[in-house]
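Both complexes shown next keep chain A, but they swap its partner, so chain B is in the first and chain C is in the second.
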Partner chain A sequence: MEIPARGFDFVLNMASFLLVYLTLGSRRGLSLQPMVILQNLVKQYGSQTVVNDVSLEIRQGEFLTLLGPSGCGKTTTLRMIAGFEHPTSGQIMLDGEPILKTPPYERNVNTVFQNYALFPHMSVFDNVAFGLRVKRVRKADIRQRVGDALKMVQLEEFAGRKPDQLSGGQKQRVAIARALVNNPKVLLLDEPLGALDQKLRKQMQVELKHLQKRLGITFIFVTHDQEEALTMSDRIAVMNGGVLEQVGTPKDIYEFPETGFVAEFIGETNLISGVAKERNGSSVAVDCGGTLLRGAAKNEVSLGGNVLVAVRPERAKLSLQPDADAGGTDIAAEFTERIYVGSSIRTMVKLQSGASFAVVESPDRLIDAGAGDRLYVSWKPEHAVVLKR
Partner chain B sequence: MRLSFGRKFGVFYASLVYLFLYLPISILILYSFNRSKLNAVWTGFTTDWYVRLFHNDSILEAAKTSLTVAVITTIGATMIGTLAAVGMYRYHFRGKIALEGLVFLPIVIPEIVMGISMLALFSQLKVSLGIMTLLAAHITFSVPFVMVVVRARLAGFDKNIEEAAMDLGAKPWTTFLKVTLPVIAPGVIAGALLTFTLSIDDVVISFFVAGPGSTTLPLKIYSMVKFGVTPEINALSTLMLLATLLIVLFAERLQQKEK
Partner chain C sequence: MRRPPDFARWWTLSPVTVWMIVLFLLPLILVLAVSFMSRNIFGGIEYTFSLDNYIRYFDPLYLKILWVSCQLAFLTTVFCLLIGYPFAYIIARSPAKYRNVLLLFVIVPFWTNSLIRTYAWIILLRTEGVINTILLHIGIIDKPLTMLYNDTAVLIGLVYTMLPFMILPLYASIEKLDKALLEAASDLGARPRQTFWKVTLPLTAPGIMAGTLLVFIPALGLFFIPDLMGGSKAILIGNLIKNQFLTARDWPFGSAISIILMALTLLFIAVYVKISKDKAGKDLM
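So, the complex of A and B:
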């Protein structure tokens, strides 16, 4: 009689697991469908295409960053999700529902604006209460929820102040509380840390990230600061000229850039141009002016086509003698200059092609070399990425 | 301490300026309390002229007309001017600059030209002159002033706060009432007060468009002066001066509060 009992137990366990999963899932929104879907989004102003065929899926609870230089269409994309701009074509789905016909004031998303956009004539409390008041939430509930929201951003004592009596960081927090108090499905943040000084900015980055983790709300964050994007995001969508260049985790984006733009925009990188010669699995050999360099190619690289080999400065190594273990990536260069950056030393060398190449060295393992000296640059093959031009 | 010639001359010059500014008004106020019917010799203090003023039906009638016109003009012109300024600020369209220029042009058009042209228009349309034509004219010449004042206030307006309001669930009209209007309120109030003072003391345009039953206070004074300036007119002018000063003081208080 043991086996049926165990079987029954198993069924019971499964059932309770399913129940817990379903209740938790429905409450926290852990559904399998993405929270936000952008489908072939296009935005044109006259003849100018600002956002060009952007498709992207953002999961529930994800911290996604739209990263790119100014004018790349990241803010326009965010504003289309918020409802302030209407796409020329394409569709936006929020939690499974198309929302393009929904006006901004009926979309269950909230925005933190770049300049905070606090209501100057209202106190901090009234600012945060605004969204609840227009939705006619009961007065007692408003007091409770605004109080909680202010506590969350550590501004309880500032409830009675006007925005112009607050510092930049405090205004920022009010803006976040004002948006989050409405329990949005998605929080949109348009360069919210852009106006803060460096130190406060770093601190707010961490705070925001923790807040997002704790609340489990989907964040879509717009920034042009690649370091900020790497620090905070679960995934980064890199945009350039209205086009989505690459979407991936910070590690993916940094270690395996798919385009030359991504490689150069995220961190610093050395790009050596050449022609793809042969392919061996994911490894591609590239002829760079006579020297054969190997690197990993994630996307398609047509043999015989112009490509770029990307190497991060901190992945490259300098030596006085050719390194036999370098696996073929050992190229001659000439020392040009050394730049002291504090935590590291940046050494610039000139390749035989005339292109300059940066290497980050640690201060305690410096090569003894001066201007004009002959050196060898090497890196492990897996640290070089081959990109389409 | 001896003053240099330059300093002495400066004091003398400044005194002259203030004398010219305030002497006539002081005389006017003084003679409104003069017992004599002539504005020439002081014969003793009296408040009779004020009492008589409040028993003069035709003056009271004119005052009533003036106040009615001023209040309705203030409300109408402030509403039209504010909405127009907000609209002009918010939307971009072809020919916007030209249209803005055309709205502000009436400020510099000579009043007499405005008056005559309105009279011509009304007679063309066969509209009989009366309180309605008076209102139409007053609202028309006041709107550009409201627009100028409100527009100045909008220059420092952060458009994002309107988007923030909508983002938080406020419909466009709620956004206007709860966010836009309170922020530009000092400009709107200043525009309203300006309109009130413009309307209540307008002579030239009113002269052309007022009908027999719609004489305003300034028109009444103007017609009374034809038979000589009486202390009664002095009293009336003093009261108007007082009312205007109160309005300006009120406006100033509002501005102070804002800061």
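So, the complex of A and C:
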């Protein structure tokens, strides 16, 4: 009696194990395959190339930010994924399928537009229900799903209002609910927080990030605000002049910028130009007008070539005497001014080359110096990054 | 604090005021007054009060003229809308540099007297006209088509004349339409046709209303087009008024019909204002 029962148990166990394995396996399979693939995407308007050979893979459930100054091609890239623009060449894959021949209304992606683009003649409810109605979803289901979507953005009581009776932040939420109610594979957000004031913006950044984590939907977010990008993203793709400059996690992008543009665009940075002298592993010695500086170089740097040494202001230290423990090099500099920025003090010094250099000091550890005084700037070698010019 | 009477305002507005009184208000009062008098045997005016002109209008014959006129004006409006909407849409959605040129093409015919343009239509449509000659020549028809002196001819003439009044307000409202809204609709899964019915049309409704009013009301009163293109059979309310003044020399009756037409027009405008106000009110709710 016992053995067959155990055998049955075993079969059952195996079956459930198989079921779990298959479910997890297929899910994992999904996450292994990128949700969106951009392949050598090019967009030209006449003779002007707005997006130039952009290739990028975006994973399922990822929060990816396209970051860059205005006119860098980030919005055009987003619009090509949405289907409003057609690339001059290249391919876009969504969940393994090429989608360039699919019109926007058949692509399983939804957009949150820059100025929300809510339908002014419809109530909040009708705006959110729009996508379901055009797809002829059953009435009862529509009521249920729109209700859920409005609850998700905490706007249940506003269902009957018209868009012009809402504040900017509320409009923003309606736009998000209107897009998400359709269960898109990817949500595209085109500078969605651009029209909000600073405080609301910060709050929405956190809310959006939480929402994305909870729903597990892939977000592609376009912004020119580097702080926003650092706060929200899993990965950031920095664009400039239509070209992808660097793709990486916020930490990668901030700590190890690969180009001078990325170093300057993300956060504040001091750039010192020089000539690469010798290489030792990833450490490169750079001759900056007679002073030898060391820094880490991620990409290849040709010896003898012009390079930049990038140092974040908060990584540099000021001292009155040469600081031998720094492990790096002390550079002589001249105090110029101190700027009070609330939580920290920014001290500007002038290097011997004439270039100005910013150092962030903590208010309780200020060194005693005044205009014209001689100081020494130092930093740990691992905090300097050597970039190609 | 009491403000002194604002003479400056009256003073600067006085030319307009005088203009309105002399050229608009006085003639209107004159017409209104005459409509309550009666015609004497010499075709002049008998200065006695009577309601006869108004009572006389409710003769089925005259009511039928009004009904037919309304029908024709309605058809004119419908055709202007059907032709004008795509027209206005194409202009509003064409590249900015061509838009003004295209609008110019709509407006240019205005620079010619509309009477002359109506004659041009007659030349095209009459039995030995351009269209018949060409069609006969290439052998599509073997006897000339009758295209002139019937209701269709009047309709063609009215639609042609009134079309710009439909296109311009439509253009204005379509051009104002935010393109992002159309993209949003498409993004949410609406096919082009669904986008048109659910977004474009409702948002350009003010233009449709304005165009409808601008076409319907003048179409009701235009008399020279039925006169020239409709032949003797087509009597519309505009012709009736004209005939009372010029042919029958019954100014009081002509005035009464004018007042009735004007009252009808005001009614239409009132309905329009009410509808657009309701719409605006709903939008605010």
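We take it that the second predicted complex is superposed on the first by the 359 of 389 C-alpha atoms of A that agree within 3 Å, B and C clash if a C-alpha of one lies under 4 Å from a C-alpha of the other, contacts with A are read in each partner's own complex, and residues count from 1 in each chain.
Keep in mind that, in the parts below, contacts are C-beta pairs under 8 Å (C-beta built on N, C-alpha and C of every residue); 3 or more make two chains touch, one makes a residue touch a chain.
A quick note: this is a predicted structure, and the numbers were derived from the prediction, not measured.
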Chain C versus chain B on the shared chain A, clash or fit after superposition: clash
Which superposed partner A:164 touches (first chain B, second chain C, both, neither): second
Chain B versus chain C as contact partner of A:340, first or second or both or neither: neither
First, second, both or neither for A:119, with chain B first and chain C second: both
Doubly contacted chain A residues - partners chain C and chain B: 82-84, 103-106, 109-111, 113-115, 117-121, 130-131, 134-135, 178-179, 182
Residue ranges of chain C in contact with chain A within the complex: 178, 180-181, 183-191, 194, 198-199, 202-203, 283-285
Sites on chain B touched by chain A in the complex: 158, 160-161, 163-172, 174, 178-179, 182-183
Residue numbers on chain A that touch chain B, as the complex places them: 82-84, 103-106, 109-111, 113-115, 117-121, 130-131, 134-135, 178-179, 182
Chain A - residues contacting chain C, complex: 82-84, 103-106, 109-111, 113-115, 117-121, 130-131, 134-135, 162, 164-165, 178-179, 182
